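Next up: the structures, one after another.
In what comes next, chain A is part of two complexes: it sits with chain B in the first one and with chain C in the second one.
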Partner chain A sequence: MSTSHTVRVTPRGGESAKRPPHHAPGRRRLITALIFMAPALVLLGVLVAYPVVYSLWRSMFDASGVNFIGGQNYVTMFTDPATFISIRNNIIWVIVAPVTCTVLGLIFAVLMNRIKWATAFKLIVFMPMAISMVASGVIFRTLFQEDPNLGAVNAGLVAVHDAFSPGASYPGARPGSDSTLTVASDGEIQSQATVAVGSVQNFPLVGLQTSTLPGTAKPAVAAETPAANQITGTVWLDFVPGGGGTPGTIGDGKMGLPGVTVEVVDTHGAVVASAVAADDGTYTINSPTSSGSYIVTLPASNFSQGYSGISWLGPTLVTAVIILSYVWIWAGFSMVMIASGLSAMDISLQEAARVDGANEWQVFRRITAPLLMPVLIVVFITLIINVLKIFDLVYVIPPGSSLPDATVIAVQLWTVSFGGGNDQGLGSALAILLLVLVLPFMIINVRRFKMEREQ
Partner chain B sequence: MTAPAGIVTAKRGAAGRILDFFGRGVVNIVLVIVAVFWLVPSIGLALSSLRNSVDNSQTGWWTVFTRPAQLTVDNYTNLLSNSQFMGSFVNTIAITLPATAAVVIIGSLAGYAFAWIRFPGRDWLLVAVIVLLAVPLQVSLIPIAKLYGSIGLFGSILGVIIFHTAYGLPFAIFLLRNFFTQVPGELLEAARLDGASEWRIFSRIILPLGMPAIASLAIFQFLWVWNDMLVALIFTNATSQPITVAIQSQLRQFGANIDILSAGAFLSMIIPLIVFFAFQRYFVSALLAGSTK
Partner chain C sequence: MKSTYRRQVLIATAVTGAFAMALAGCSSGSTPAPSSAGSSAPASAAPPDLSGVTLNVAADWSGAEQTNFEAVLKQFTAETGATVNYTSYGSNVATTLNTKITGGDPPDVAVIPQPGLLDSLAKAGSLIELSPETLASVQANYSKDWVDLGSVDGKAYGVWFKGSNKSTVWYNTNVYTNAGATEPKTWDDFTAQLKKVADSGVYGLSIGADVGWPLTDWFENVFLRSAGADDYDALTAHTMAWTDPKVIDALTQLGTLWGDKTIVQPGGAQRTFGDSVTEVFGSPAKAGTVYEGDFVAGNITSQTKSVVGTDAKFYDFPSVNNSGPAVVGGGNAAIQLKDNKGAAALMTYLASPEAATIWVKLGGFTSPNKLVDMSAYPDDTSKQIAESLINAETFRFDMSDQAPSAFGGTPGAGEWKILLDFYSNPTDVQGTAQALEKAAVEAYGK
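Now for the complex of A and B:
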């Protein structure tokens, strides 16, 4: 651009040759320029530049804005637990989120070149950039709900968990009122008296809803007559939907309870043998001895709540979930930026290396990556500046109870100055902190710009 | 490797093709998985918005695959008759369109001055604009809230428009200036020799030639303002709030009533998604221009 200006001819070309009043054209040009720039300069001055100065000044006053307290707000910022957590979280964000987005974007951009549906893939990954962080927040908050019946992620986890540990769980099951079973203090259901080897011990249970039984459950049947060294029996839900049936007897469509663990315990309390109930509720235990008597029990683990996923939005994991949602949005940005860097690249170097026998990894490591460095740095810096100011996602995703653990500087700024805190002195100090954190990247931007001009 | 070229290439050709086939297969599988992960969240929201509140409070959206009968558009008919939500939707439009237009007009005027009027101090002023590019808008919240309070702009749509315009300007000036400088200088020289005024050059040469850049800026600014929550959260009230703030306050008040939330969120996404898919190229070039090499 500098060349086009050096050859530029002023409207009255003769003037500059004769060097008349030296400042006239410059001053006139300044006035013209000011007319063009006036609206922008006024808006930038009043809404961006002045607030920086005002915030600096305001940050040295207390909540009332009357008493000068010097740097006290800056001390409070690091000593008050709430603001300190927000600063700590912002550091976590800056360390984790930009790197993750850049690396993922790089991987996607490189792999994308090898598939035929690259355009579709690009649109899919890039699309979250178009929607608001509020909508994304709603999406991720519902995705990570704790109840595995509602939150997709926990539903998936529970499904995977149950597939690998088939032990069924029947929370709330208990013996019927007139049954011969007892419940131990830890929730274990036991035969009231000892059971001799070679006999049958049944477990009619109530307190469950038919609809909550696993899909594999079949109508209960009576257990086979035990051999001399066996104890057999049936574990079933002693309840007929819609009424009817006789308590304590199998039939009338009463369902077996598959997966219940049954244990045989000796008089010292040691487990000597165990089995798991079949789909029709029957079990068969081979006793190590062919005579004697044992207590037959259903351990309490059968009746625990079972696995219900992870508390994603609880205090410990909520920040990880929010960062994940950020990556979902911004990986597309870095992918698109890096992909355009790749496509602008002269690929003759890579091809020459391949001809010389370099493998794909070597080509990437030695040629593509170094050439891509400037783009990667731009993406990285853009993401850091963006992450430092993160607000919407952190404000929307955590439930009220875990917001204090998820908070970041921008959210804390809002909380202390608008959301009830009413301390705009501390709020201004947090604003200045944000500005200071962004400062190094401002300087990098200016440097980059100057270098570009000199080229 | 290079020595017996003919034989080696033939061998590597066969082995390489097999490797290539598997390599491509693996890449395809990996990217399909990635694409599914990227799509599922939005699909979940879309399906939730098509189920009634009872279903949404008892089961997850994935049950529609086994029980498609539960799909309904009730949430959307409820939403359309919800005057608060629809009012906020109108507010979003009333904020976004003027804020986009203002940034485009004011930004291109200033961009022209920076590109083609050589005035004293121009370089310093340009550096100042680049510095302002990174100023976190949070810095202005407290001072401008106070300022708006004293001049009666607090709670008004106009206040939000002005705020967004100001914070859109550094990027607009930077982007348009970079683009305007690429306009061939001979064109401007010829016009100046003919005695054309700066305004005439701006409106007859720069604006028409700069249309692609202006479109990029407009798309970018439109999406940015449409999706904003923070600025509106502070400067609007219940009657002037845009849809992002309405969704957010629903979330705060009622927690998990995902039916109205998901429908509202989806409604808020429709227009940006249309704009995004229709003008994707312009959006990308704005992103690229905003952080050139």
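Now for the complex of A and C:
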């Protein structure tokens, strides 16, 4: 290249002939360049430089924009707990999300080189990129709802859990508000006082829908008079549809609760005998002793509400869920970038390594990864910049109660300045912070581009 | 100043489509009454001849609400000959209106949803005082609370054309019938009935705390009843501290209810408000009762198969310590921004029962105007909403909507966040009151 260049230039006039007119075309060229650059410069000035300078200026003023308060907004930023949480969360994001995306993208891209149906697989992984961030947010919010009837993830967890340990037969049943029965802290329903052998202990319960009773349930009846060594009683649903009936008494079509386990517990808390209620709710327990008194209980296992999944969108896990949704979207991006880097690579090096006896891991470690490094860094830095600015997902996914725990700088920026806070001074200060955080990565990126061009 | 009205937007979206359409459906066939329907109304002199006059009117209504409001304006045109152009300012009325005023081109009349905006515009001298005819009509047709709400420093500026009732407790009639529960009148009876519902195996109450705004409405209703209107105003203006014993009382009362695990459906802190309506009126119903304003009717119709008026009814927010009928609500006030005969005539017209009746018949509308004939409401539920609003001894505008938005209108901050924390931890009354006071001091700047 360079030789042909010299060859073309020299015959025209040589060094001395070229020098005199050098200045004039230089200046003219500068003017021409300026004219061509002017539209871009004006746009950059109006859309980038001016807003940055104005934000910096505005960040020195209070909410009203009238009073100069110097760096006060910057102090508030780090002392106000809400804003500080957003900064903390941004740090978590930057540490976790870009690495995960890049690593996943790398794995996908490398493996993709080896499977059939690679295009179909690539398409699926890349697909989330085609969905708007807000829509993805809505999808993830719905998936991770706490109520298993609404959120698919918890529905799956509950289904798996129930397959291994089925729930209680009467979840939520409890004594009525004017009942003498007591509920222990673990949910066990107990007779108020000890019950003497040879007497009756009834259990009127409420809080169950009649429609959920088992088909075998029959109207409750009073238990038979106990023999001297027995304790008897009835467990029934003390509720008449439409109201009415006397609380605590059997009748009016109140139904027995078949299958409830009843236990007799001695004063040391040890279970001495137990029975299961019949279809009409009656039970009979033969006491090991013919006298004495015991506490009669309905163990909590009859009534426990059952497993209801994990509070994914609660304060502790919400950021993890949002990052997961981000990874779901952006892993496709890094995969495509890295795959294009792979396909541009000269495979003869890898083949040579293989011929020399390197195993696949060594090929990857020593040949593929180093050659991919420029692409990996571009992907990584792009993701860092992207993650620092994250807004949509964090705005959409958390329910109101965990929004303060999930917030990031961009969301906080919007909230304090436009989302109700009306403090554009603090908002501007946050914007400047975001700029300062993004800047180093921008510089690295620009440097890299430059270096690549020089090569 | 409030420029961002997230709350207003939420409500507006909920109301616009569904409620208006649902109720309008019931009244299909009834066309706007022809003119001279209300010749018996006081202070309604013969309408002036305004042929050739063009008036610009702006409000936040769009869609079905815009169509209905235009029907109201059309009648004015028919009576006076004036041409009226309506522009929708969308949800951000405050900003748009302020921009127009600064630009020297305000509309002749605007209908705004915020008393705070009315206040600031009046103080800035942008508003024209009500003409003597309009004032007479307003004083005759509206209760004192509404007149006061439209007045600044003793001068009347606003005509509250539309009102809303946020003191309505909605319940699933099937659940209540099954449980043998009845409509309560007092707070104690309220909790007793909720317990009855809970005993039937369905939770008594579903709360969708959402980003926090439904909780502010809960608090405002309890506080207005337990502390009274004067203290309500004082707290609204933040001349009363949030650590006042009366605030503590109201919070304690709320905390006792919210903390009752047998009554309140679990998971409320993460539930959106819309979902809480579905929990109550969906199939199967998981809870019996949900509290919020009259717009819940719209949620019920659009989200569930329950029918408002048969499956879904409401009762007034229960009285606390024998308090009289009180309503916390909202509304839209007409204000005059240009001093001309046409604008003044339009204000007089909007204050008349005839104007309100046109929209009342079209549905999805509650008028605070006492002289509107109750039989004009297209169905029993909307009539009941209006009756509660008109018959209330006390009406107060939603407190959080009047507070600086950093306190009463920001997700994740101020009252919304603090009440959400309180909802999750309802025994921490003192801590909540202190946090509210601290946030209020910052937001009010005093």
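Definition applied: the second predicted complex is superposed on the first by the 285 of 455 C-alpha atoms of A that agree within 3 Å, B and C clash if a C-alpha of one lies under 4 Å from a C-alpha of the other, contacts with A are read in each partner's own complex, and residues count from 1 in each chain.
The rule is short, and it goes like this: a residue touches a chain if its C-beta (ideal position, glycine included) is under 8 Å from a C-beta of that chain, and two chains touch if they have at least 3 such contacts.
Owing to the predicted nature of the structure, the values given are computational and were not obtained by experimental measurement.
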First, second, both or neither for A:Thr212, with chain B first and chain C second: second
Touched partner set for A:Val396, first chain B, second chain C, both or neither: first
First (chain B), second (chain C), both or neither touched by A:Gly427: first
Which of chain B and chain C A:Ala82 touches, first, second, both or neither: second
Which superposed partner A:Met373 touches (first chain B, second chain C, both, neither): neither
Partner chain in contact with A:Val46 - chain B first, chain C second, else both or neither: first
If touched residues of chain A are counted for chain B and for chain C, the larger one: B
Touching partner for A:Gly244 - first (chain B), second (chain C), both, neither: second
Contacts of A:Gly172 with chain B and chain C, given as first, second, both or neither: second
Contacts of A:Ala320 with chain B and chain C, given as first, second, both or neither: neither
Overlap of the chain B and chain C footprints on chain A, listed as residue numbers: 145, 150, 399-400, 418
Footprint of chain A on chain C - complex, ascending: 1-4, 6, 177-181, 195-196, 198-202, 209-212, 262, 267, 269-272, 275, 404-406, 409-414, 416-417, 420, 423-424
Partner chain B, residues of chain A touching it in the complex: 1, 4-5, 7-11, 26, 29-30, 32-34, 36-37, 39-41, 43-44, 46-52, 54-55, 58, 108, 111-112, 114-115, 120-121, 123-143, 145, 149-152, 155, 328, 333, 336-337, 340, 356-357, 374-375, 378-379, 381-382, 385, 388-389, 391-392, 395-396, 399-400, 410, 413-414, 417-418, 424, 427-428, 430-432, 434-435, 438, 441-442, 445-446, 449-450, 452
Parts of chain B lying in touch with chain A, wherever the complex brings them together: 1-2, 23-24, 27-28, 30-31, 34-35, 38-42, 44-45, 48, 56-62, 106-107, 109-110, 112-115, 117-122, 125, 127, 129-145, 147, 162-163, 165-167, 169-170, 173, 181-182, 184-185, 188-189, 192-193, 195, 198, 202, 223, 226-230, 233-234, 244, 247-248, 251-252, 255-256, 258, 261-262, 265-266, 268-269, 272-273, 275-277, 280, 283-284, 287-288, 290-293
Residues of chain A that touch chain C when the two form their complex: 82, 145-147, 150, 172, 174, 176-177, 206-210, 212, 239-244, 311, 313-314, 399-404, 407, 415-416, 418-423
